[in-house]
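Quick one: this structure, given as structure tokens, is what I'll be asking you about.
So that you can tell them apart, the chains are marked A, B, C, D, E and F in the order they are listed, and the count of residues begins at 1 in each.
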Amino acid sequence: MFYHDGKLQYSVRVDTPNPVFARMLQQAIGGQEGEIRVAMQYLFQAWNARGPKKYRDMLLETGTEELAHIEMLATAVALNLEGAPPALQEQAAKENPLVAAVLGGMDPRHYLSGGLGALPADANGVPFTGAWVVSSGNLAADMYANVMAEATGRALATRLYEFTDDPGMKDMLAFLIARDTMHQQQWLAVLEELGGHTGALPIPNSFPQAQENGEVNYAFLSTHIDGPQTEGRWTQGASLDGKGQFSQRRAEPQGGEPQLAPPVPQVHAQLE
Amino acid sequence: MFYHDGKLQYSVRVDTPNPVFARMLQQAIGGQEGEIRVAMQYLFQAWNARGPKKYRDMLLETGTEELAHIEMLATAVALNLEGAPPALQEQAAKENPLVAAVLGGMDPRHYLSGGLGALPADANGVPFTGAWVVSSGNLAADMYANVMAEATGRALATRLYEFTDDPGMKDMLAFLIARDTMHQQQWLAVLEELGGHTGALPIPNSFPQAQENGEVNYAFLSTHIDGPQTEGRWTQGASLDGKGQFSQRRAEPQGGEPQLAPPVPQVHAQLE
Amino acid sequence: MFYHDGKLQYSVRVDTPNPVFARMLQQAIGGQEGEIRVAMQYLFQAWNARGPKKYRDMLLETGTEELAHIEMLATAVALNLEGAPPALQEQAAKENPLVAAVLGGMDPRHYLSGGLGALPADANGVPFTGAWVVSSGNLAADMYANVMAEATGRALATRLYEFTDDPGMKDMLAFLIARDTMHQQQWLAVLEELGGHTGALPIPNSFPQAQENGEVNYAFLSTHIDGPQTEGRWTQGASLDGKGQFSQRRAEPQGGEPQLAPPVPQVHAQLE
Amino acid sequence: MFYHDGKLQYSVRVDTPNPVFARMLQQAIGGQEGEIRVAMQYLFQAWNARGPKKYRDMLLETGTEELAHIEMLATAVALNLEGAPPALQEQAAKENPLVAAVLGGMDPRHYLSGGLGALPADANGVPFTGAWVVSSGNLAADMYANVMAEATGRALATRLYEFTDDPGMKDMLAFLIARDTMHQQQWLAVLEELGGHTGALPIPNSFPQAQENGEVNYAFLSTHIDGPQTEGRWTQGASLDGKGQFSQRRAEPQGGEPQLAPPVPQVHAQLE
Amino acid sequence: MFYHDGKLQYSVRVDTPNPVFARMLQQAIGGQEGEIRVAMQYLFQAWNARGPKKYRDMLLETGTEELAHIEMLATAVALNLEGAPPALQEQAAKENPLVAAVLGGMDPRHYLSGGLGALPADANGVPFTGAWVVSSGNLAADMYANVMAEATGRALATRLYEFTDDPGMKDMLAFLIARDTMHQQQWLAVLEELGGHTGALPIPNSFPQAQENGEVNYAFLSTHIDGPQTEGRWTQGASLDGKGQFSQRRAEPQGGEPQLAPPVPQVHAQLE
Amino acid sequence: MFYHDGKLQYSVRVDTPNPVFARMLQQAIGGQEGEIRVAMQYLFQAWNARGPKKYRDMLLETGTEELAHIEMLATAVALNLEGAPPALQEQAAKENPLVAAVLGGMDPRHYLSGGLGALPADANGVPFTGAWVVSSGNLAADMYANVMAEATGRALATRLYEFTDDPGMKDMLAFLIARDTMHQQQWLAVLEELGGHTGALPIPNSFPQAQENGEVNYAFLSTHIDGPQTEGRWTQGASLDGKGQFSQRRAEPQGGEPQLAPPVPQVHAQLE
């Protein structure tokens, strides 16, 4: 169950409202790298957790924190929209290119649909989709999904930080960037507890490797028409899980050409 | 540029066609954990690569291999559909519960839209979406996205393996599961080359940590109304990147209640 | 069955074509608050109507009228696009900020996909989705869905009205705004016929209230960590349906912590 | 900011796990009528609120409560999935039609993607979309959107109640149905505070009605080829807002046939 | 402007209601091959028409007819749902496999969301999307889009015809199939009027072919690693438009390896 | 199985990077008319092919070529983004309208999500969707779908050609436009091999026309309230397939008003 206090986790201050930046911030709310995604992802992982209680608990903690991040960013969007042009100010645009830029660069739905408020959508107005949420029933897979979310999320936040020169916004983003740093650590710390590379890999580690194809499970297969050409940690030496030796070779077709049966009459293929 | 030979990377054999399993296999084609996603993801990462050529090359190799996996699975779907009931066989269903199960459990669009062929959609017929593809412009973030894709992908493949008792399908899945093992290794090997935890974290490692909020970048913040209650690797000791010390404390609001300006007349808020 | 005459329900005149306003108008065609949504919603409600014929008839009337509104707006989009820059006029943009604004602010798909014609999409180019359509099989629920559609639709239309200073467009919008006024009335009039608050609530009124939980059906539950803090019509006095007394109290967990069974082997959870 | 305690708002008990019912429950989680939608809708309305603080506060309260409803339903899904067949049990299906029904009727992604856990999707596996969320910047429009959400939500919950005969599930649904009753009341109580029909209509009430087309703002227009044929509260008498008189008449085209300019060369229309 | 009469274009009779067939019929309403798609497509093409009035008129005619087809199919869905099991009839399912099949095979949202009514969605419950609609501003391209819609639409209708043995449904489908026959003819007749292959190709025919790359505009390029292997009408002889000669050859890279600039600091690529 | 060589099919040169044109090019990558769509469409048609091997082979050839087109366009996007403003350069925008235009007109996700790289999305940032892909199991229907894709695709490419004055981009587009010319030819050549109009129509030609409604399969039905008013090749003379005579007449309702049963109690319709 959840509670609230109506206050912000960290102060949200906009010194110079900027509707274009409001649009940019939407990516951090409803985009692939955004806070709705991580909030839902951690909460669903918690609710579906069937393993040790400590991981369910931790997921619930951080999922709840992410709700406060959506709140901060929605507030930041609303504050940045307070300078939005409420009409097609042709004269103003003619005289001031910045007005033109704002007209072109803001999300029209911020005005039309939201009445100058935030939306659960990304920087292009594409609605948030639950399709991004990963809750796989495998803790290690989930942890990597979470690291990825915080890595792309922190990259996004640093780009927003570079994009603005508003001191209030920079201060808010410095807070969110720091939280992403910690959240990357958290999920990787779980992976360490799960045994690190040698213990956790391959994911899922509960499937007997004897049942996978032993010819190709540690081989880099090259599809280059001139055969293997790259080299790296992944082409030689012991595998990271300590369970095999890396090799590389040319990928070759082991199956012939597929043969499908002719169509049954009921599908009404074309008589050819 | 790309080439083909019309042969399958590995043999695809269906001993007993099963339209319900055809539907299941769609998840591995067009689902969040599926092969279209990884093919596109690795190829876009390659095409957008602005760093060392070796990583672009490797991404192109494996992206191209994934195209062959889509091909294998599409073939497997078509073969499994060869036993699909081409009509609402009420009499048959009355006499044989398995026919009833197939009628209920198959994807109707396999018959209606595909004429007993595969679709770029998931096991519920939800179309593949490019929204899943991650190509962030940050190599480490991309690598974690790739590990996640192969971890959830391998989990999916092992579940499909358990679901069927068709020897041909099990053999094909054993191949794909092995490739997922290797692909998990590959992306983690890149992360090792990038410096491992101490070199690569926090991602992006090019943002000066002095600019992030130093109060909360290694602190686990508890939103539990009774304060911190969990303990783990992430609540004490040195951080995984060696750049901080973990701590934990109660999350507290550092910002007050947000104050938005009243609505401008042009948005036509309600007179209250 | 449907008929047409090729004429517009109301005149559509654009005095000064404006491709940015064309984009704005798309919200009223294919957006959440748009005319495709209401057309489909009223028609599906009519086609699915299982109650008194008069409501089916009325829904069919107004659903058909909404088709004419899509037609008017699509025409308005096409007319506004007649001034669109058919090329990336760098020189013109350098000399005239308004050209720059238009380049930035118009929907590129109006030119690229539509050849300067309207699209079934919103102001951000997000396609219309049938997911918005409500046809619930419960007349009162449908009527509230319709009121909501006309309330947000009228808000959108008034914002478009404020945004433009084109006399032709203002005249067209004044017509559409008036129709939204009437349509709000219509659906609320049905609710009055259904008995108003005391007759229609709670929706569905056919579910015996004795079967709902009698402890919490008229209680405002506060999740604020400092307990109930708001007061309003909904915290005291008789309920609007006349079937209970409002109260308020602190929300408290009546269920304990959830306990899920451990994962079954076949899902291949991680060995932890 | 948000807090949690890890407990359920109301007890969730499943006496007889049923994977088909798990799928049904998904509609109440991630569907159009579901709890993610209302949670997001009330929270965004709160965060965007620019009017009296009491409404922001109330929206925050109930938005937070809805998070606990998602939690309850996700738990219910996970518990119902504990009886899911982890494999394509052909023999079992042959012998027991119910197994066949379950195989056909469950969501394959519950097993394949979720490892027997809940998803942020509807009963057909279609992901939750932020496109449903209404936060219009107009309090009255938002309130009608909320009434609609609770009306369709309660209809859904009563249908789920009828569908199951599991006592635990019926008890949980009786709680959720009761909360929907109260929530319908809440939003309607706000509308009463806003002045009821005469004060709040037409929405937005801040747009001067003198500017809308006075010919058609209280007229029912009939598109029936044989002219007006329906009668109801909406065709005669004073309008509900007390600002007009209802009338009805045949809808007639007031605009002629639209005339678009010929295509500009750059769009490359077909030479005809 | 549009009118209606409340009657069906052709009679819709369901002799034996079948909820599984109701789900199948949804594909013809809201699917890629469905009637909402063609209705919208023809109407938007009409509204955007900038060429000879006769084509606008014809598109408006047939777009309006398609609205009546949606109406027929929605009615058919509602009638087929009249036999839907309104509860999880475990006992019935145990005794009758057909009940099990229906439980598994029907769309749960027909009951849960629609109250046994039709939805603007496909056979998997995936909502209709405006993304399918083609209105390109090029009449010949639009005509081919329309032929494709009627070709896949007729294929779908014949498959539905095969799937059912309900005489009423077969009669209705025989009508719709016949209309698809005519509609294929219509759009191809326009292409004939536009000049047939020699006059209309390549589409758009208004782009000077001197500006396209003359080396590859009539050459079949083979990506097979063993070079050209197929032969057909498209590898030799005069081209269909009479403007070139077909040839075939091996596809070869004419561009080298792409070289992108290193990342700018502000995107925060990973330090590698 | 697929191979690559890391080189571009044709050279991609950008003389003057332009982030607005980068956004435009996205339509050709991930839009309805784009290369991902045709690549997937031809490959799925190949993999699902159940007829003569020559068509499977040809589809595989051209599907593989389209992968190289995605690669070219993704490279073109990345190169055009090299001049993107990495920050909200207010001062620059104030001084130079073109900077303002770029700020407004570029896709913010190119910077925020892609780090100045291409995305699998359209010019509005709407993600690619598998819902566009047509693989119908009927070769003639598929061929028309392919002609349509290449016709709208070539229209798009010519519009991009007109939009830019960058010589490198024009050269690349001249190549892609030429390939679209050839691809239109290819699919039409297959239709000629399938018998042309008289052999292939109506599609599917395997459904016995005796079973379709013979009253309306060659009749143009007019829904105009004043009856038939258009004339064309489709209203008189022999039909294109040589199997009927065109006629035209007024569309009239052959079915009465639909009659649905009253709602069953379990759906909880409103008591009215």
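In this text, a contact is a pair of C-beta atoms (placed from the backbone, for glycine too) under 8 Å apart; a residue touches a chain by one contact, two chains touch by 3 or more.
Bear in mind the structure is a predicted one, so any value in this text is a computation, not a measurement.
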Of the chain pairs B-C and A-C, which one is connected by the greater count of C-beta contacts? A-C
Could you work out how far the Cα centre of chain D sits from that of chain E, in whole Å? 29
Using mean CA coordinates as chain centres, what's the chain C-chain D distance in Å? 11
Among all residues of chain D, those touching at least two other chains are 1-9, 32-33, 47-48, 50, 57, 60-61, 64-65, 68, 75, 78, 86-87, 96-97, 100-101, 103-105, 111, 113, 115-116, 124-127, 129, 131, 136-138, 140-141, 152, 155, 158-159, 162-163, 203-204, 207, 223-225, 251, 253, 258, 260-261, 263, 265-269
Based on which chains touch which, is the overall arrangement a line, ring, star, complete graph, or other? complete
Given the complex, residues on chain B that touch chain D span 18, 20-21, 23-24, 27, 31-33, 96-98, 100-105, 122-126, 152, 155-156, 159-160, 162-165, 223-226, 251, 253, 258, 260-263, 265, 267-272
Which residues of chain F touch chain A in the complex? 1-6, 47-52, 86-88, 90, 93-97, 99-101, 103-105, 107-109, 111-113, 115, 124-127, 137-141, 194, 200, 203-207
In the complex of these two chains, what residues of chain D are touching chain C? 3, 5-12, 32-33, 54, 57-58, 60-61, 64-65, 68, 72, 75, 78-79, 82, 86-87, 111, 115-116, 126, 129, 131-132, 134, 136-138, 140-141, 144-145, 147-148, 150-152, 154-155, 158, 161, 174-175, 177-182, 184-186, 188-190, 192-193, 197, 201-204, 207, 209, 211-225, 229-234, 239-241, 246, 251, 253-258, 260-261, 263-269
Once bound in the complex, which stretches of chain C touch chain E? 1-9, 30, 36, 40, 43-44, 47-48, 50, 57, 60-61, 64-65, 67-68, 70-71, 74-75, 78, 113-121, 127-131, 133, 135-138
Touching residues (chain side chain B, partner chain C) in the complex: 155, 158-159, 162-163, 225, 266-268
